[in-house]
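Below, each structure is written out as C-alpha cells.
Here come two complexes built around chain A, the first alongside chain B, the second alongside chain C.
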Partner chain A sequence: MKPLAKKGMDMEFEKVGEKRTTLNYFAITFLLLWVVMGILLPKGARSLVTHMMIFSILAMGYDVCFGLTNQCSLGHSVFFGGGAYGAIFSILHLKFGILPSIFFSVGAGLLLSLIVGLICVRLSEAYFVIITAIFFAVFHLLAMDMTWLTGGDDGLSIKLPSISLGPETISLYNPWVNYYFVLIFLAVSYLILNRIARSPMGRVFVSIRENEKRVQFLGYNVYRYKLIAFIVSGMFAALSGGLYALTLRYGSADFFSFHWSIMPVVWCLIGGLGTLAGSWIGVVIMSLFQYYVSAWWTYYLILFGIIILLILRISRKGILGYVISRRLT
Partner chain B sequence: MASGSNLLETVSVTMRFGGLTALDDVTYTIKEREVRGIIGPNGAGKTTLFNVITGELQPTSGKIFLRGEEITHLTPHIICQKGLSRTFQLTFIFPEMTVYESIWVGVNSRAKRPWNPVTLAHHVADLSQKTQEICHLVGLKEKMNELASNLSYGDQKILEIGMAISTQPSVLLLDEPTQGVSPKETDNILEVVERLSKKMTIILIEHSMDVVLRLCHIITVLNEGRVIAEGSPDEISKNEEVQRIYLGEIS
Partner chain C sequence: MPEIVTTILFLLVNGLIWGLIVALIAIGHCLIFGVMGIVNMAHGDIYMVGAVLSFYVVGMLGNFWLSLILVPAIVILVSAPVERFILRPYEGHHSSTMIATVGISFIIQQIALGTYGGIPKKIISPWPISFNFLGVDYPGYRLLVACISVLILVGLWLFLYKTSYGILVRASMQDREMASAMGIDVNKVLITTFAMGSVLAAVGGVLAAPINQVFYLMGDNVILLSFIVVIIGGLGSLKGTLIAALSLCSLEGVLASVLSPTKARAAIFVIMIMILIRRPQGLFRD
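Right, the complex of A and B next:
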C-alpha cells in the first residue's frame, strides 16, 4: 500500500537550503574558472569555450522549462533561431548597435515563445512534446524556404558595429572581447535565473513539476505559471541564439535545425535537471566530445548515446544531482 | 435560489458519464461550522460529488453555490481561491519536496504576490510563520524537513490535510482520509480532523461508519448517486434502509 517508490533518488532535497548553496558555489567556481581560462587558453580552445558559454545560456534557459516545470519542449530551436535572426536583422536592416540588437533578439524570443506557449502549455505531456516539435519543423522549413529573408542554407553574414564604452570603443572582432562579453552574459543570466528559481515563483514552478494538479487545487492558475516559465526559457534561448550569431557573425536556416531543440534536453539530462548550472557540465562534456571524438570517429554519437545511458543509469538526477545527493547524505 | 445562510449548497446536481448516472439530482446544503459526513458503498458517487463541487468536473445539470455565490462553472483554482479546499483519496503530494515546502506553497497562494520572481522565498515576510503554525496544527512540526515521499502513508495523508488547510479555506473537503492507513495512524489522522473541526467547516467522505459516527454532526448517505438518508449519527445508525444498503443484510 505504501508508495515508497523511487527510494534511490529521495534524499537529494533533504536540506533544500544547503542544496541551493552548494549549487551556487558550484556555479561561482565554474564562472571563475572561465574567467581564468580566458587568459590561459590558446586561441582555438578559447573560441571553443566561447561557444560552450553561449550554449550554457541556452541549456540553463531550457532547464527552467524542463527542469523546473517539467515541460519537455522540443521547440526551443525556434527561439534559438529566432534570437539569432533577431540579432542579424536588427543589425542588417535596422542598423542597430550590438547591445540593442541583443535586446531585439531577446524580444523576438519573447514574442515567439508567447505564441508557441499560448498554444502549447495547456497540452498534456506527450501532446506538448509533439506540438512543440511541430513548431520546430514548421519554422525550420520556413527558414529554409524563405531564402529572400533568411538566406536559407547559405545564410546571412553581418558586419559587427563596435561598442562604445564612454571614450573607449571595443569590438567583438577581438576574440578576447568576445570571450568576456559572452561570459558577462552567462553570469548575468545565471544570477537572474537563480534568483527566479529561489523566489516564490520558482517554488511554485517546482511544485508544478512535482504534481501539477495538486497545485491547481491549491489555488494557482497552473497554466499561467507554465506559460511564464516557457517564456522565460524562450527568452534565454533567444539570447543564446543572438550571441551565437554575433560570435559567428553569421546566421542561417541551420540555426532552426533540430540540433538546437534536442541538445538542450541532452545537456540538462547529463548535468542534472532543475539545477540550472548543472547543465553547464552537460554542455562542456558534449562540446568536448563533439570537438575531439568526432575527429577520429564519424559515428561518435553512438558512443555518446551509450555514455548518456550510463550516466542516467547511475543517477537519474544527472551528474550534479548525483554529486549533491552524495554530499548531503 | 441559494439562501444566504448556507455556506455551501448544491441544487439538484446531476452528473452523467455516458449512460451512467453518477449523481442524480443531489441537493445538499451545509451551514457554517458544521462537520458533515458522507457515506455510501463503492460507486455511490461520493468522490464524484467532491469533483463536481471543486470544479474538476462540470455537472451535467444543477448549480453549486458558495456563500450564495454561484461557482458552478468556475475552474478549480478559482474555486480554491474562493475558500474551498480538498484532499484526494489517493495521496496526492509533492514527492520530492519537504513537508515545510509543500505547505509553504499552499500558504503562498494566499500571499499578496504569489508570483513574486524577485524576492528570495525564505525572505517573504509572514509566510514562514504561517507555514510553521500549520505544521504545528497538523502535528508535523518535527517532520518539517522530511521529504514528503519519505513519510509514512499515514503522515502523507496528514500532510495532504495540512496542504489543504494552508490555503485558508472556509470549507474543507476530506476524501477518505483514513483509507488504507493502519489503526494507530488512523487515530492520529482523526485527532487532526477533530482539532480542525473546531476551526472550520468540514465535509468528510468516509468508508468506515465508526469514523463518521465519531466525528460528524450530520451524516448523509449516498447510494447510486442519490441521497437516501440524512440525519444525526443516531438517526442514521438506526435507519433501516441505510443498514440494508450500506451494511448489507445484517439484521
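Right, the complex of A and C next:
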C-alpha cells in the first residue's frame, strides 16, 4: 500500500509543478506581449496599458491575500491610497527622487497593513470582511475630510524629478519611459510573488486556504502566516498605488474610494484565484469593459454588478483556473 | 438652566432618536447575518430605497403615512426572490455573500441614480408641529419617529419571543442544520427573515427621509454605522445591537457638537477597535 500512496503523492506534486510551469509560461508570454505592445501601440492605448500594468500589480498582490490564504479583504484601498500618498508626500515634502519615493510608498503600505493586519487577521471570516470594510470606509471619510493634508477631492499634483542612470537622466514625463518603467516593476513583482507562492511559505498559505484547522493541528502558527500574507499583499497594493500616483502625477482622496477595494476582488475572480498572473486577464477585461462601456452607457455599474453575480455563480476558478483544470485532466 | 446643558440634552435626544432608526436598520442587518450568514453590503441601499420610494409615494399620493404600508410591501416583493434565487447558494460563505451583495448594491444604487437622479432632495416634514421643550422648539415629527420605532421594536420582540414562528426563526439562528433536522421548513424561515430584515431597513429609510436628505448614496453612511453597531453589539446578538445602536448614536450626536461629523465618526471607529482588541467577539456575545 505504502509505495502506491507515495506514488499518488508524487503525481500530485508533479501536477502542482506542472500547473505552476503552465502559469509561468502564461505570465512570460503576457509580459513579452506587453514589451512588444509598448512599441506598436498608439499613444492613447499605451497609457491605457500602462494603467492596466499598474492594476495588475494590485491584483497580484491582492491574490496573495484572497487567492492564496482565502482572506477576503475589502480594505485594500487603504493600502493603495496610502501608497499613493506615500509617494506624493515623499516627493512633495521630503524632496525624494522617484525610486526612493517608491520605496517610501511601499514602506507606508507595510506600516498600514501591519496595523490593520494585527487587528483584523486573528478574527473570524465574517468579522474580517466587515472590519476591513469599516477600515476602508473610515479612511476614505478621513481622507475626504482632511483636505489640508490630502487635498480632498481636488487632490495634490506633483512635479516629478528625473531619474539619473549614470551619465544619462531619464524622465517619467516621457510616456515610453513611463511604460517600460512600470513594466519592469510588474515583472519584478511577478518574480517576487511567484517565488513566494512556490516557497514552503507559499505552500503553507495554500494549505491555510484549503483547511485552516488542519494546518493549525500540524503545528503551524496560522495567525502569523495569515498576517505575513496580508502584509505582503498590502505592500504590493501600496507599490501599485505609488506607481499610479507617479503615472498620473497626482493623487486625491479618490484613491481611498471603494473602487480600489472591490476591483481587485473582481479582477482575481475573473482571472482565477490563486494563480497570480491569472488576475492580469481580469484586469485587461475589466479595464477594457470600463473604458468602452462607461463611454457608451452612464449606468454601466449595473452591468458591473451583474458581472459580479455571474462570475460568482458560474465558477470561482476564473478563466485561467478553468483553462488549467482542463489541461491537466 | 444654563445654555450648554440644554444644548447637550438636545443633542442627546437627537442622537437617541437617530439611534432608534439605526437600531431598526442594524437589527435587520443582524437578523440577516444571524440566520443566513449573509454579510449584507446592500443593506444600506435598501434603506436608501425605502427613503426614495417614500419620496415617490409622497409625490404621487400626497400622503407620507401611506408609504409606511406601501414601501414594506414593495420591499418584500423584491427582496424575497433576491434571497431565494441570487443569495441562496452562497449562504454561510461570508466572503461570497459579501461579494454578491456588493454586486446587488451597485445595481440598486445605479437604478436609483438612473430613475431618481443624483441630486439630494428633501421631503417636507409630514407633521409640522413643534413642541416647546426646555425653551427649545423641538420638531414633533422626530418624537413621533421615536414612538414608531419603539413600537416596531416592541412588535419585533413580541414576534421573536412570544410567537411560535419567532421560535422557528430563533432556532434557525442558533443552528440552522439542527433546525431543519427537527422538521422546520427552513426555506420559508430564510425567505421571511431576509424579507423582514430588509423591511426593517426600508422602514428606517422611510422614517429618516423627512429628517435626512434623500440621496442615492445615503446608504453608504448608514451601512458603515450599522456595521460598527453590529460588530460592537456582537454579531448575531439582537439585544447587543439595540444597546450598541442607542449608546453609539447618542455618543456620536454629542461628539459631533465638539468635533466635525467625520471626526466623531472616527472616534466611534476608534472605540470599536478598542473594544475589538479587548473582546474580539463583541460586547454582548458569550
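Just so it is clear, the second predicted complex is superposed on the first by the 303 of 329 C-alpha atoms of A that agree within 3 Å, B and C clash if a C-alpha of one lies under 4 Å from a C-alpha of the other, contacts with A are read in each partner's own complex, and residues count from 1 in each chain.
Simple rule for what comes next: a contact is a pair of C-beta atoms (placed from the backbone, for glycine too) under 8 Å apart; a residue touches a chain by one contact, two chains touch by 3 or more.
Note that this is a predicted model, so its numbers are computed, not measured.
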Touching partner for A:119 - first (chain B), second (chain C), both, neither: second
Touched partner set for A:295, first chain B, second chain C, both or neither: neither
First (chain B), second (chain C), both or neither touched by A:36: neither
Contacts of A:313 with chain B and chain C, given as first, second, both or neither: second
Chain B versus chain C as contact partner of A:262, first or second or both or neither: second
Touched partner set for A:133, first chain B, second chain C, both or neither: second
Contact residues common to both interfaces of chain A (with chain B and with chain C): none
Residues of chain B touching chain A in the complex: 54, 75-77, 80-81, 85-86, 88, 91-98, 101-102, 104-106, 108-111, 113-122, 124, 127, 145, 147, 149-150, 152-153, 156, 163, 166-167, 180
Of all residues in chain A, those that touch chain B in their complex: 1-6, 9-17, 195-196, 198-204, 206-207, 210-211, 213-222, 225, 228
Touching residues (chain side chain A, partner chain C) in the complex: 66, 70, 72, 74, 119, 122-123, 125-127, 129-131, 133-134, 137-138, 141-142, 144-145, 262, 265, 269, 298-299, 301-302, 304-309, 312-313, 316
Footprint of chain A on chain C - complex, ascending: 33, 37, 39, 41, 86, 89-90, 94-96, 98-100, 102-107, 109-111, 113-114, 220, 224, 227-228, 230-231, 235, 260, 262-263, 265-266, 269, 272-273, 276-277, 280
